[in-house]
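Common to both upcoming complexes is chain A, partnered first by chain B, then by chain C.
Presenting the complex of A and B:
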């Protein structure tokens, strides 16, 4: 069975992640509960004629995928696999607004064409003239872990050389207002940054596009090796320990072998208890990291966690801003486990090691 | 007619999201497709909707579109002669 390496990454997020540094100067968002991605220079990557039809999620993804491919130095991809929770929701909103405004007449084609969930994987394929396997997973919090698992299997079991995978979600104003109304996103007047102290419902909403080139060959620029990935839709809190232990055991590891755990705490008092349980399991042996205080929550946020884990493994350490349990952690992190769930469902585990 | 031409330029810039263009950048006789503004077939559909929604003109023959959408000048001329609103 082949091994699977992360040879290139590109990340457009609410932090300056596209500049290539690893959270050297993190932006602290403390006065808003909906945080927007920092825009790169789109025109350096996308022709003007194409850019005008693209929503922010599509543009961010074109740039992030180009960065990942450039880093990995690959000329040909054997597959493009994306995960997205809400797809191109900005264009869906535009399309639906026009249906209402124009009494279901005069429906303009652009928003409709761009509103489909697989717009991103299609646009990347068109740009690269790539006719290979092209797939988009739309399974809320399981969207990116599904894309990662597919990519992992393509490399390990199907003999593919280079697979591009990505997680994409974008903020759409009306949809996010609805999320605030129903309590999925915190109200405007609640503090956003100190999510570990949160006692309220909902999360801080964010967005991002993060892409990785998975390859079967280790190279000089390789970030990490992906050992395994697993996800389940439903899991009771008391089942979490068994879920994690079984996953580690099938990789011939146990809890004490994990140097750092990346947890998905998002400040939602109803669901962060899962992470409390994970913290209980790992706190005596592992560094505990979190990231949604910097990046916000969205359905494909686990892609940010993989970006963080890959950087941590390449550098051997994590910046203090990511630490839950202490400001100074290990300087030789070699194994990272990512655990995420979305509103109590779609629990995923990803195991990576250094190379 | 001049007022209509300016209105058309504004509508086209907005509908086609031509972010870097202003009314002054589009000459009345500039070709809208190919080597002119570089619009394509999807843009043509957006233009057809502008004619229908804002001026009450329904195009049924695609050959007509080629002549009408040559430039702002030809669009304005056709709208003036055929508008119902």
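Presenting the complex of A and C:
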């Protein structure tokens, strides 16, 4: 069986991640519960007419995927696999609102075409003239973990050389307002921005596009090796320990072999209890790392966790901003486990090691 | 060549039947399901024909015994009905089952409820439970919950090839040893968003769709859901279950030509078919019947036809499109047609391509127009979608 390496990555997020440095100057968002991605310089990647036409998620994805491909120095991809929770929701809203407000008149196809869930994977294929395998997963919190698992299987089991995977979600104003209305996102006036201490309902909503090139060959710039990935739709809190143990055992490891765990705490009192349980399991052996206080929550946020784990494994250590209370952690992190769930569902585990 | 993946169960709802048996009888008796829209309020009502399931949402709710306050979209109700039939026919129990996987696909998700209540959500609290099932995955979750599945669950959305890709992923999960049993397929209910979207693309026919006809005017949208239960050899042998058929080949390729249109020569379609034969370790001449994508849009049928001529080196086997029966059921199309392909293998029958009159002037291809009895041991099924997404599946006895 082949090994699977992360040879390149690109991340557009609410932090300055596209410049390639690893959270050297983190932006602290302290007065909003919906945070928007920092726009990269689109002009260097996309023709001006397309910049006007494309939604932010598509543009961010084109930039992030280009960065990943450039870093990995690949000429030919054997697959393009994306995950997106809400899909191209900005164009969906646009078409939907026009259809409703103008009673099905004056509609044009552009936003309908661009609202399709596989717009990004299709656009990247089009741009690269890539005829290879092209998939898009849309399974809420399991969207990106599904894309990662598919990519991993292609490299490990199917003899493929280079697979591009990505996680994409974008903010659309009305839809996010609806999510605020039902308490999935914290209300505008609610002070709870320090989400690692927050114990109120809902999360701080974010967005991002994060891409990786998975390869069967280790190179100088390789970040990390992906050992395994797994996801299930449903889990009781008391089943989490068994879920994690089984997964680690399958990879000939146990809890004490994990140097750092990346947890998805998002400040939602109803569901962070899963992470409390994970903290309990790992706190005596492993560094506990958090990221959604910097990146916000969205359905494909686990892609950010993989970006973080990859950087941590390349450098051997994590910046203090990823620890609770800015504490200092280990400087020889060799194995990282990522655990994520979305509103108590779509529990995913990803295991990575250094190279 | 990889291990064959067995199909041990199937379930389907479409405009021509609420279960597999009804669908089979309609196909055999030439009974199509295309009509005017009855259950959706749209200004396009009198301008287009669709393959609608002749049941209201309330009727679907009662078929599933759902509580009066539920947040099932039309798609997820159709999905739940078909998935239930699939697991029943496989003879497996899903309630509390942690070892069975579920790979669903959809393009519509919860859009039908969102479009209905969009402007009322903010001030009508009693509607707000529909907000959280807007996204596709939450609709899969409703079905998983309904069936009691606790395990590997995911959703694919690659436009009109979605269900083929769900079937393909299921096969790979079995062949890699990650699963022994998995429910795979797709669902899409009709909604205003989709109808209007396709209308702006000007590819909807105002009459009955005519695949591969020179005068074809476009597609009829349809709705439906269909699922297969895929199973490893070790698993079905252990429980002495006789497979319905096997999935032997599969592949996905990208046309990389245009966001919505297919390339002139059907490059992606050709590549998908060719790769599926490589995976199957079979030669094209082993195919007895092709269930074509055949949407009856000018663009699709031309590029699919050319790709077939190239692949089969001019000797295209018997083929038909079943979309004149069901309409184009989008994400569900490939699993609906997978069920029909299995009927073809089981019954040694080729179902007719309805409404065909004249050959296209670009090539010499005539679809099968009448029900034909013939020994069938291998079927190729094609599905192509937006984003250049092309998938082919090969089913064998």
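Note that the second predicted complex is superposed on the first by the 351 of 355 C-alpha atoms of A that agree within 3 Å, B and C clash if a C-alpha of one lies under 4 Å from a C-alpha of the other, contacts with A are read in each partner's own complex, and residues count from 1 in each chain.
One rule holds in what follows: contacts are C-beta pairs under 8 Å (C-beta built on N, C-alpha and C of every residue); 3 or more make two chains touch, one makes a residue touch a chain.
Keep in mind that what you see is a predicted model, and the values were worked out from it rather than measured.
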Room on chain A for both chain B and chain C (clash or fit): fit
Which superposed partner A:228 touches (first chain B, second chain C, both, neither): neither
First, second, both or neither for A:119, with chain B first and chain C second: second
Partner chain(s) touched by A:53 [first = chain B, second = chain C, both, neither]: first
Partner chain(s) touched by A:287 [first = chain B, second = chain C, both, neither]: neither
Touched partner set for A:137, first chain B, second chain C, both or neither: second
Contacts of A:102 with chain B and chain C, given as first, second, both or neither: first
Contacts of A:178 with chain B and chain C, given as first, second, both or neither: second
Touch count on chain A, higher of chain B and chain C: C
Touched partner set for A:150, first chain B, second chain C, both or neither: second
Minimum distance between Cα atoms of chain B and chain C in the superposition (Å): 8
Where chain A meets both chain C and chain B, residue numbers: 105, 107-109, 113
Chain A to chain C touching residues, read off their complex: 80, 85-87, 92, 95-97, 99-100, 103-105, 107-109, 112-119, 121-123, 125-126, 128-143, 146, 150, 153, 157-158, 175, 177-179, 181-182, 184, 230-235, 299, 345-346
For the chain C and chain A complex, residues of the former touching the latter: 42-44, 98, 102, 106-107, 109, 111, 114-115, 118-119, 121-122, 128-129, 131-132, 134-138, 140-141, 144-145, 149-159, 165, 169, 172, 175-176, 178, 192-193, 196-197, 199-201, 251-260, 267-268, 271, 385-389
Partner chain B, residues of chain A touching it in the complex: 48-49, 51-53, 102, 105-110, 113
Residues on chain B engaged by chain A in the complex (per definition of touch): 15-20, 38, 40, 42, 45-46, 49, 52-53
